[in-house]
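Worksheet for the structure shown next.
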Amino acid sequence: MKRIKKVLVANRGEIAVRIIRTCKDLGIQTVAVFSETDRKSLHVRMADEAVSLNGVKSSETYLVIDKIIAAAKLTGADAIHPGYGFLSENALFAEAVEAAGIIFIGPSADSIRKMGDKTTARKLLKGSKVPLAPGTEDSIEDLTEAKRLAAEIGYPVLIKASAGGGGKGMRIVHDPADFEKSMHASQNEARNAFGDSRVYIEKYLENPRHIEFQILADQHGNTVHLFERECSIQRRHQKVIEEAPSSVLTPEMRQKMGEAAIEVAKIGTYYGAGTVEFLVDKHRNFYFLEMNTRLQVEHPVTELITGLDLVREQIRIAEGETLGFEQKDLKINGHAVECRVYAEDPMNNFLPDTGMVHLHRVPTGPGVRVDSGIVDGMEVSVHFDPMISKLVTWDRDRNGAIARMCRALEEYTLSGVQTTLPFCQFVMKHPVFQSGNFDTHFIQNYFKPEHIEIDDPETIQNLAIGGLNAIHWFIREEKSEPSLSGNGAEKQGSLNLWKVRRK
Amino acid sequence: MKYLVKIKDQEYNLHVTGFLETAENGNRQTIDLVPLDANRFSALIGTKSYVFEIYQQNGEKFLVYKNHTFPLVVEDERDRLVSHMKQVNRETQTFADIKAPMPGLVSKILVTEGGVVQKGQTILVLEAMKMENDVKAPIAGEVSRILVTEKQNVEKNSILMRIG
Amino acid sequence: MKRIKKVLVANRGEIAVRIIRTCKDLGIQTVAVFSETDRKSLHVRMADEAVSLNGVKSSETYLVIDKIIAAAKLTGADAIHPGYGFLSENALFAEAVEAAGIIFIGPSADSIRKMGDKTTARKLLKGSKVPLAPGTEDSIEDLTEAKRLAAEIGYPVLIKASAGGGGKGMRIVHDPADFEKSMHASQNEARNAFGDSRVYIEKYLENPRHIEFQILADQHGNTVHLFERECSIQRRHQKVIEEAPSSVLTPEMRQKMGEAAIEVAKIGTYYGAGTVEFLVDKHRNFYFLEMNTRLQVEHPVTELITGLDLVREQIRIAEGETLGFEQKDLKINGHAVECRVYAEDPMNNFLPDTGMVHLHRVPTGPGVRVDSGIVDGMEVSVHFDPMISKLVTWDRDRNGAIARMCRALEEYTLSGVQTTLPFCQFVMKHPVFQSGNFDTHFIQNYFKPEHIEIDDPETIQNLAIGGLNAIHWFIREEKSEPSLSGNGAEKQGSLNLWKVRRK
Amino acid sequence: MKYLVKIKDQEYNLHVTGFLETAENGNRQTIDLVPLDANRFSALIGTKSYVFEIYQQNGEKFLVYKNHTFPLVVEDERDRLVSHMKQVNRETQTFADIKAPMPGLVSKILVTEGGVVQKGQTILVLEAMKMENDVKAPIAGEVSRILVTEKQNVEKNSILMRIG
């Protein structure tokens, strides 16, 4: 068994920071890589070493296999952690890393090929006890053939990227007349996001819940699941709020789905951390959706209910260690909720926002964890995903975790860009969410921008009074100190109304 | 000084009667306001505690409270007089001098002398405080004079060009 | 049973913030009170309402019963939480609160009288199965008599304040010749800290460990303990590092000490949260030390290993609810460590430091919690305790919790005052601490300021290079922008070497 | 420019050969240095990543790295020359003009004309950048002239008083 001594993290943002943290816990040296716009990022500051990838866009930097491997060689890293996104589910990358004599902290290239590609995975699972939703077996290029298959499966259908995840390239088609436009849109998005335009078609389940199982497997054939995550709150088919455990699963269903997830992993001869996603329909039937052959964004909720550190487990598995526990040793402890904080304007159809983050003050206190890669003075740019951070709360029960989330959301201060924070607050306080009885259409069914407005009359009036006096304060400061300029730069936290914000 | 404050479809006639003292309809209230960092303030109004941020973007003011952004309009008597006058004169206004709203560097001039501009059209970009600020035409008309060149530093309130 | 709707927090700093957080979780309105120097403090910002106590020093503000009760009446608060320190163990305050028709979130005035006073408590416990260390029964004023008793008990002896806690007024006397000086010093300190100069004398145990048990009791006679906290790492008899569980307790000893703690609470007809402190000698005998009739600074380690929120439990008990669990329902889950971050210079005999905190960036990520009342731009003043925050980590085992603490300490950024952060790092990395085999003399036995220095030659050289270039940067900025003054104030994050720091 | 940098009992002869390029004993190294907030910098030296703070207090420089504070002494050739000259002249130096190290307000004058001061004694407090800065006597001697009064604003380098 080879102990890993130095890990290069081939990623950016919160996940790079999160991986670095665990490496530090384990006494492992860390190497960050960065695009030019990320020079000031937290992952660069926190890593022991950092190497520029000489470029701005992800296609010039975080997606360039050769540059990453060169950085690992330069620094003598003996392992690479891919995080999520970017090259994390790229079998060629996993192969190139291994070929360079470096440990890839993730599954084998073979497993990525088998399970990372949805159509391949579906073929492999056919005939197993894992239930599959009706859909195409192969990815499809030909429009006429695709249309025929869609009709055969029966509308509504879902067009999905073979290579991808995270909702990118996904389209629901209710009406055959929209099929062609949707297929092209899906192919384009898939090409841009993954460099692979292949798509496939499957039955679109109505009122589904998106429930996924975290699995862990070592290289010696031991596989366990770490229970489920409920990920039904989505906008644009992307998760925004996740929790564990799910409020609909009975212990029996949990056991059945967990066994199915383990079966999927075993069929894929999988090792490392992975996620098996299922859709659960309103009759509580569940269907295999896809497997993500990497760490998920939402892994912290699983960490909070199991007490495990999934990155630590990934590293131990990559070193060749056996899992230190069996399925029967694992218990669900309490409840965890995660809100993804995006730089998006919930008042304006979740349009991504960009700009300088002037102030980023994260909540803390009992039961709160924040995974973030942003700090004061950093730009949220157009080049990368607009996710700013993940806010996660835990308590002994679901109501407690939600209450702590409400508190943490209120405490969270981010200035400079519009964020989904008020939207998350809306969800947490919504009776349907609180009831636990919701599906993936929650946002379209229940959310309107005006719902998140503050309209308590006393508050509004006091904000008017406070705002007026604050403006007066600026004017007074400016008048009383015409040569404020003289030592303006020296004033700690000095303020200027006229300086701030641009798009 | 008397003000009209508009926030979230509400209008308040507020009278700033002294240092951090405000009255509405004769009810005086002392406000305990302290600046924090990054344009944030802590205000105690009565016993109620509020933390909010104030910022200005493209000439409009915004207040951020608990991650909600509220457009904020503050008009004093002069403003109201001016805005009233403007309305009266709008039809008859024939020219406008464009002044620099802040000291900065003229980074782009987007019109030429003799060119015709629409009201609200961006005519010049002023780089200041590390930002590019669009300067817009307050009226429609012909650009009669341009008094600055690109890359020129200008003082606050210096005349940049004349329209009409 | 009366539901509490609005809580006034009669405290400041991190504990006020921590109490407010739980109130928010429970949907309870909050009222902060503040001294003039605390106007910008986090507890004032976070509370729904805030009332000035019109004064600066604690004797003019947080210690003035009438002002606090007036603030509660002004705001219509139906309960008062005293936090720790200040009036939290003042029976007169508890009585005055109840007399005003307001719920006191804490034990009865009677219990405070009985158990809060060490000599009274010792008298009450005499004859019970709770073991007591040899010492005086009554507080003592007369020097000659005190000296005689000290000789009878046998040197070394400990002189302690009857009213106090937190090591204030405590003196160890090894030599009878030092007795008089020590007694006067102790009386003076006790008078200043608690307004009560009474002291008592007890046997000073050598190589003792300080181990305390958290107890919870409702108003219906149900009492449980929430296991122990190990608090042996102390400087000037004040705790700096705590953990739970203790690495020396066997399950049998834990059970015996837990039962003794419950016995103490029952003898004091105690309800609420409280702590029974014991000394454990090198033969693993344990002796009752004192009871703290309030929430402790170090309560978060207990929260992390039990999953309970102690402030929530306090509030529920104050409302008259029964505990929702019995002793057998409670299990220790993992291990937690707390470091208190003080504005003190560990290189200079832990001399308190004061000044403006320019930058306060707290660590987060897996297993980290920070309870803090400080934010950028706040002063650490001479008027109050120099504790800035509490950094707490959790993991499945002690080694993991310590590793996470090392990481979190490194990540913690505080600029403007000297702190105990490097000292805490020293302790975490010390083999004796890591072994679990240490006593209250750890600091005097193992710590020298030079031990916490960084002296890796490559690091030092690179800091020289980096520092020189940074100074060059300042000079360049100043030269190239002689009128930087003009818009200096507008520069986001603009820097100036010459502006910073003063004492 | 050549410098002597002293940190933690180590001395380094560093040669700043260009923009963020430093050499020691002929070994050139490019430094990637970016300012962060509050006097902090991120430096990449080779591949190694450092975040540190630089500040100055009472004329001395400090570097803070991982919550450890290091006194930092940076001397260029001129400084060394000057410090050498100072040593030579120390015995013979008979007077000193005290200049304002920064613009500010004279908040307190702690000596009177004709009074005798010790070297290092605080003779005047200059309020600047919201701080009180002690100005100390560089030599011992009699205060021969005081050129400012309390509450007076002074420019940088203006002469405040003469000793000797």
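General remarks:
When the chains are written out, they are named A, B, C and D in that same order, and each has its own residue count from 1.
Note that a residue touches a chain if its C-beta (ideal position, glycine included) is under 8 Å from a C-beta of that chain, and two chains touch if they have at least 3 such contacts.
Being a predicted model, the structure only gives us computed values, none of them experimental.
Set against the Cα centre of chain D, the chain with the most distant centre is A. Averaged C-alpha coordinates put the centre of chain B at 49 Å from the centre of chain C. In this assembly, the C-alpha centroid of chain B lies 43 Å from the C-alpha centroid of chain D. Averaged C-alpha coordinates put the centre of chain A at 38 Å from the centre of chain C. Each of residues 36-37, 48, 129 in chain B touches at least two other chains.
The set of chain C residues touching two or more other chains comprises 46, 358, 376-377, 410, 486-487, 490-493, 496, 498-499.
Applying the touch definition to every pair of chains gives A-B, A-C, A-D, B-C, C-D.
Across the complex, chain D is touched by residues 358-359, 409-410, 412-415, 418-419, 421-422, 425, 452-455, 457-474, 493, 495-503 of chain C.
Chain D contributes residues 32, 34, 36-37, 42, 44, 47-49, 51, 103, 128-130 to its touches with chain A in the complex. Partner chain B is touched in their complex by these residues of chain C: 31-32, 39-40, 44-52, 74-75, 376-377, 486-487, 490-492. Of all the residues in chain C, the ones that touch chain A in their complex are 17-18, 21-22, 24-27, 46, 300, 303, 307-309, 333-334, 356, 358, 361-362, 364-372, 375-377, 395-396, 400, 403-404, 406-407, 410-411, 484-494, 496, 498-499. Those residues of chain D that touch chain C in the shared complex are 3, 5, 7-8, 10, 12, 14, 16, 20, 22, 24, 29, 31, 33, 35-41, 43, 45, 48, 50, 52-57, 61, 63-70, 72, 74, 102, 129, 131-133.
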